[in-house]
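Letters are used for the chains, namely A, B, C, D, E, F, G and H, taken in the order the chains are written, and counting of residues starts over at 1 for each.
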Amino acid sequence: MAKETIALTPAMPKCWNPDSKPHKFCPGCGHGLTLKMLGQAIDELGIQDKVIFGCDIGCSLLSWDFFNVDSVQTHHGRTTPVITGIKRARPELIGIAYMGDGGGYAIGAQHLVNAATRNEKITAILINNTNYGMTGGQMAPTTLPGQITETTPFGRDPEDSGYPTMGPEMVAAIAREGAYVARGSMANLRQLKRFLKKALENQMEGNGFSFVEVLSSCPTNWRTNAEATWRFVEKDMAEHFPVGEFKVPGKKEEK
Amino acid sequence: MTEATKWRAFSQPGKRASFNLFPDLCKGCGLCMQKCPVKIIIWSQDLGVYGTPAVETSDQDKCIACKMCENVCPDAAIRIIVNPQDKDKE
Amino acid sequence: MKEKPVKGERRVFMTGNEVCAWAALAADADIMFGYPITPQTDIMQYWTRLAPKYGKKFLQTEDEISAGFTTLGAVIAGKRAFSATTGPGNVLFQEPMSMAEMMRIPVVLIIPMRGGPSTATVIYSQQEVTMTAFGGNGEGFRVVYSTAGHQDLYDYTIKAFNTAWKYRFPTFVLSDGYQGKMRESLTIYDPAERGIEMVKAEPMLGLPGIPGVDRPTRHLRNTYNTEEELYEVVMQIARDFEKAAPEIVEWQDFDTDSEMDVLILAHGVVSRAAQGALPLLKNEGIKAGHFRPITLRPMPEEQMRAAAARANRVVVVESAYGQFLKLVKETLYGMDKPIDAILRPGVGITAEEIVAEIKERR
Amino acid sequence: MAVRIVLAGEGGQGVQVIANILAEAAYAEGKEAVYIPNFGVEQRGGVSIAFVQIDDKRIDSPKFPKADIVVALSNRAVDRTRQYVDERTTFVYDDSLVAAAEIHEDVIGIQAVEADPRSQRQTEAVDDSKQRKTVRLPESAGTIIPLSANDIAKKELHPRVFNVMILGAVLKATGVVSVEQVKAALEARLGGKFAKNPELRDLNYRALERGMGLVEHVGVN
Amino acid sequence: MKEKPVKGERRVFMTGNEVCAWAALAADADIMFGYPITPQTDIMQYWTRLAPKYGKKFLQTEDEISAGFTTLGAVIAGKRAFSATTGPGNVLFQEPMSMAEMMRIPVVLIIPMRGGPSTATVIYSQQEVTMTAFGGNGEGFRVVYSTAGHQDLYDYTIKAFNTAWKYRFPTFVLSDGYQGKMRESLTIYDPAERGIEMVKAEPMLGLPGIPGVDRPTRHLRNTYNTEEELYEVVMQIARDFEKAAPEIVEWQDFDTDSEMDVLILAHGVVSRAAQGALPLLKNEGIKAGHFRPITLRPMPEEQMRAAAARANRVVVVESAYGQFLKLVKETLYGMDKPIDAILRPGVGITAEEIVAEIKERR
Amino acid sequence: MAKETIALTPAMPKCWNPDSKPHKFCPGCGHGLTLKMLGQAIDELGIQDKVIFGCDIGCSLLSWDFFNVDSVQTHHGRTTPVITGIKRARPELIGIAYMGDGGGYAIGAQHLVNAATRNEKITAILINNTNYGMTGGQMAPTTLPGQITETTPFGRDPEDSGYPTMGPEMVAAIAREGAYVARGSMANLRQLKRFLKKALENQMEGNGFSFVEVLSSCPTNWRTNAEATWRFVEKDMAEHFPVGEFKVPGKKEEK
Amino acid sequence: MAVRIVLAGEGGQGVQVIANILAEAAYAEGKEAVYIPNFGVEQRGGVSIAFVQIDDKRIDSPKFPKADIVVALSNRAVDRTRQYVDERTTFVYDDSLVAAAEIHEDVIGIQAVEADPRSQRQTEAVDDSKQRKTVRLPESAGTIIPLSANDIAKKELHPRVFNVMILGAVLKATGVVSVEQVKAALEARLGGKFAKNPELRDLNYRALERGMGLVEHVGVN
Amino acid sequence: MTEATKWRAFSQPGKRASFNLFPDLCKGCGLCMQKCPVKIIIWSQDLGVYGTPAVETSDQDKCIACKMCENVCPDAAIRIIVNPQDKDKE
């Protein structure tokens, strides 16, 4: 049968804001996939009216009007404290702090670390795309050894600037009972959604801090085509960043 | 705002499911293509939202309705609609 | 109904930091965020002891940047939130304050200034005037009250909450390390009993109903793609600020009704020395007056110019190296009054010193 | 006075690279040139605008309110550039418009992907609300020139050289730089590739000339 | 001897950010620290490509606070270090800059301004004037060059290193997003060949010998216990700054020699529009001149006043909401020239717009 | 034999600056003990002429003229970047960043975390005294659960503000080969000196980042007498903060 | 004009608490009082200074250049307060000076530790360079009053009440507040302790009076 | 600066070692006291640098010269000098 043009409703999560679609992310960007999983998680949990979505500066800012949930776009690295303030003020709301690896591990590392320490009852989602996407592809704390970026034109040299930050590992080392810490990947969307959902449920149950890092593509700055994009996420990144849950509430641990 | 918004879609019917591509959402990233287990997704002559080629299937009858393409599309530009008889099997 | 922290009127003898904590309670502030720094820390310490009794909250953050952004978060969520800082902490606070300026997030920040630049001293100063009024990468769309004593601290801390929430500009209560740590007497009161109604803190986000379904979604941002978009936004804030300015400005004048040999311009605690200098100058046969802007931003321009017009010359006195002086020159531009300045960065100034300097420079 | 040029298109249509070549050619010719890329926050997906001024003497303000020539290569670009148009402006747009070919931002002549030969076109079109809306042209413009550069490039040459055609059109319309200089600038950028594949040089030169052929010299300056 | 990055004189066509990287190389800067931010990032990107060839170093830090403090560390250790930032990054840089101001640590910071307040735009602005000149909890003991084009960027970036190290004040090279991202022509050169000698960067710490044994130990600090101690320190810096000011100030004037109907005051890139407006105004029969301060701090006071004295009125033009205007009013205090202002926060200004406004307000 | 007054040289490390002694720390303060061990380590390694000592704001600032080694007093939380800058500029120097738990784990956490990530070849020493000493005893990230401080007048409530930050554990979770990470205590001075010496040697060998947290007393703000001071350090703190080495260079690990 | 008082001593001698009681008593008496503690960066070990002003009307500047009375309780305190002394100043110092008893900063009447009864004094003293140096008194002062409050407290009363004696001396010298008010202020602070141990009240009152007895009313105001 | 600076010390000789206390360094914190294994350190009538009691030993002959006190003193206010005959045993 021939290809024909019809009118149809796309399979967007209910909480997506159709007026801002097509969204502002580049073709093939992992932000879009993560936000799809997050949207599905919000839909499935039925919390669209309770979520406050905060996005950082970095490509995450492009999601400022992404959802039909009340949203605030903050400063680079500062989404964690803004969402913390919202949550402290109104614990009945569900706060999501959405940021990049630069925002979370570099300029905002003190906020991430201390939100984890204090066990803030918020959900932080961090896009690990091994570079600073929005500013055009500089080295991020997560940049892979040897990876060429705008500020490591000869490849990241671990002798000079170290190895990629292991975020969830770090957060798990300081977070305590009630915290949920995981690393998902756009290479495993079902798992990613499960992690995101658990991270939200953990907040809804009032257990403590939830943190999910997401291995995510940046085809624009990596200068990859679709095949190379998948390869980078599934092979190169996976080699450096183990995917899984690092801390699950309920399991009481002695530190 | 309650009504689900409809978009223009290029629809390709097939034995098990139809492949519906929203050209105003597709950015031509090709992620779907790489993930189709039966490798039927190809670059289309039709263009997506950025003026880059959108995608279609070369033979929709070969589609196994796995929805992989729909799932991996960051832009929700594909919708697979499983044919009624197949739906029961799901 | 929840119990009121301050009932009726009460004469008390306390430190300025304690006054601020009580004022915030009286203004029905809901939550304080803060990071310790001398001489501000006591505000937090009093708040942590007092607040829980009235169902109010506190969070000690990891730094001032976080204190600022958590405060903004709480305001966005609809609470009357505030913070306090000084010196290097105030420097860091400029980042969140610039976001507040852009996004019209009301916020109250109490600043008992300390010596600068850098870490400097923890004692006293008036060296944070420029930064508080115009800090960050913005245009100074802010309200700054400069208090001269404990009664002011109480009155203007309460007022700051209403100014901020009514006009939606970041609002600052400036004082200094002396005031923060010193004890003197004042009257505390329940604002309601004096007819002061607190402006309601409405949520900017987290309203009832499903967004996009029951009501439009709220999407707040501070980033723009084109210069023209930004221009419109900034000009709108400028118009709002200029419209509000005449309603916001406050000042005091002393002996400025008739012709003066000299008009002393001073703000904050230094104004007290200026007030003290007037009778001494009179004794010396010098006809002096004193004009004190209470709001440094917006500046009571007309009023200052009117006072200056009646004087032969003007003396600016401040515990900084010309920060207030700059504001004065800008305000009085076009007048030809000679301006003398007594600039004492980081140290206190007394009535006697003012008198001596005025006599010397006569 | 300087010749003032605005080039706008979708990210990926290669307007920045044309602007750059134009400015470089002018500089090489001993003129003064100022080129400012517009840089919004988005890496891709935003409208891409380039501002170019060329003059014999030093150029004063880098930004200008109205342009001598505005080239808009997509609907959004038309909207975004309307503000630079007044009665003295020559407004050039591509009437094969939004169907513009993908050309990577900073390389001329390379397209990431092309349609599969097996691809079929859709059989019919429904006109629903989400369909691409048409755009109002800036009527105030002194001259309005429609081009079908994209279609022509596809049909006659190669979709890859669409933006070189546009460059040719601007060149002809303004006459600010000589064709030789532009060719030299192209050579400087793509010399390596041309050497490997001389056909590419030919294709680009033909595109340039085809583009020039699409407009009259409208005497902008 | 190490190879010189720039030899002789060379006419080039580049972006402003590239110019800055070349200028720093030509000035023999040793190391750059920085955190990416548009429109500054390219400086880092050019530096990372160019610097290794000449044995120079680079470190990308975790934020601007760190970029500032690592830069200071390298300067303390005796290296010619620098950084670059803008907008919200400049806000954060105020903390390390206030330490530099206090401890007399020379440092060069390049700032292609972007729109504000808050994140705003990444494009163009002149809204960081107040912050760059007077930011932090200090008194603005800083030098600020405001450049109008790529030649300026090259010349003053080189000069900034010498000003900073000679006078020991933080020194800033202001430009804007247009300049940073735009391409135009200029001549680059080896400063030595033009007789410019680079002031040596001496270590403040880490000198040869065992401290306390072979030589006195160096103990650097920025904290003081008493107001009086601090006062002495600040006043000493003030005296040094005022002594250096006449040697540092730079300006340009255009057609200001004879009587003018109007004097246009503008700095940075807007000065180019002002220059462009002069012939147009002449055509309209308006006798106009233009004064451009190149140093915004210290301000060429005398020179600006002299120019203003010859004009009937003054028009201040800037891409900000009155930041330069304030400086002008302060500088011209006591004069009675009417001042008009064309304030365009965050957007570019052209010669035609200036002409139109001047005609309209005549 | 009777007590008599004589003139004698105190057993101060050679690199101490006698002109600033008695030092400015309170009676019984652990800062003094740590700096004694550090002084001995510097003496034993013979590096007095190579060390640059940087101190933070916090009681550590009181050491700005403590040693006869070139020193710089920085801003609160910023000693790590200042020393990083010095070291990057002149790798032949030995940089010591000396700070409190507030400076290192709260306001300067991003610097600590990223210096560890980049494996900066500096030595960071952090005094854990479970409070903000200099500002008069507020809660620090390390404050023990239930501990009364000026900002936790009813005791630190982990539900509200979390559990103490586990600094070395966190640093060890992100640091890589070449890093040295340990927690010492004033309760075991010999071991503390060993850790400090290893931390300096690690820098001298150019291996990577060295970090030593020190369990340390603050009798003034804890309001403890000598007996209670020792008890708090040896018992209460030790219960929460395990002492030992968390990462030793040479042991190559896969992350 | 306000009576201006400076009290200075080693951290731990309790000068802040005396200053506070003085100011509180004045406030209770219906006067205006301003009290500023000096706060350098060190928690302990620095010289501790208190500035007090008492007047019948509102006090203008909280800080003052010269004091009516300066009390210095250690050598360092003498050095540090020299700047507040001029010819109208009454300068009071303790000539049993540096050997001042430890009294915790914010509590009157408690000393952390006391000598063991077994303790022996050293047999002889050598006069080496590091021995505590003597201090030059501010000769410009109008009146200089040496007290041996510390020794007297030790011998006659109890080292704990050393600072209350000083309070008594200031009270007498200035006459700014009535003894009754000061007693009431003491009662307000220590009432609980006094109730438990009435001897303590007696001891403090005696110290206050003994301190008053040490000076004449010098008519400061 | 090369010469090691001497300070005033209260010296108590004993069978195995002398206990030397520098009153201008001792802040009376008592840390040493708690750590003396033979519990001979007591509060002195002599005062330390802050005017608080310094320390001394109640019976220096009982001192086992372990130097614990010297080591734990944050102010280097104690120096134990082991008698020559004992020194050899060390």
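Here, a residue touches a chain if its C-beta (ideal position, glycine included) is under 8 Å from a C-beta of that chain, and two chains touch if they have at least 3 such contacts.
This one's a predicted model, so the numbers in the text were calculated from it and none came from an experiment.
Peer 1: Name, by label, each chain that touches both members of the pair chain D and chain G.
Peer 2: Touching chain D as well as chain G, we find C, E.
Peer 1: If you average the CA coordinates per chain, which chain's centre is most distant from that of chain C?
Peer 2: Most remote chain from chain C, centroid-wise, comes out as B.
Peer 1: Measuring centre to centre with CA averages, how many angstrom lie between chain C and chain F?
Peer 2: Going by mean C-alpha positions, chain C sits 38 Å from chain F.
Peer 1: Centre to centre, by mean C-alpha position, how many angstrom separate chain B and chain E?
Peer 2: Centre-to-centre distance between chain B and chain E: 55 Å.
Peer 1: Report the inter-centroid distance (CA atoms only) between chain D and chain H in whole Å.
Peer 2: Comparing mean C-alpha positions, chain H is 87 Å from chain D.
Peer 1: Averaging over Cα atoms per chain, report the distance between chain B and chain D in Å.
Peer 2: Taking the average C-alpha coordinate of chain B and of chain D, the gap between them is 33 Å.
Peer 1: What are the residues of chain A that contact at least two other chains?
Peer 2: Only 3-7, 22, 25-27, 57, 61, 68, 73, 75, 106-107, 109-110, 113-114, 136, 141, 161, 225 qualify.
Peer 1: Two or more other chains touching the same residue: where does that happen in chain C?
Peer 2: 38, 59, 62-63, 88, 95, 99, 118-119, 121, 123-124, 212-213, 222-223, 225-226, 228, 347-348
Peer 1: Could you say which residues in chain H touch two or more other chains, in rising order?
Peer 2: As it turns out, chain H has residues touching two or more other chains at 1, 5-8, 10, 24, 27-28, 30, 50, 52, 56.
Peer 1: For chain C, which residues are in contact with chain D within the complex?
Peer 2: 223, 225-226, 228
Peer 1: Inside the complex, what are the residues of chain A that reach chain E?
Peer 2: 57, 61, 73, 75-77, 102, 106-107, 109, 132, 135-136, 138-139, 141, 150-154, 161
Peer 1: What part of chain E is in contact with chain D in the complex they form?
Peer 2: So the residues of chain E touching chain D come out as 13, 38-39, 121-124, 149, 177-179, 181-185, 269-270, 272-273, 275-276, 347-353.
Peer 1: Can you name the residues of chain C that touch chain F in the complex?
Peer 2: 35-38, 41, 44-45, 48-49, 52, 58-60, 62-64, 88, 118-119
Peer 1: Within the complex, which stretch of chain D touches chain B?
Peer 2: It is residues 10-13, 44-45, 74, 98-102, 112-116, 118-122, 125-126, 128-132 of chain D that touch chain B.
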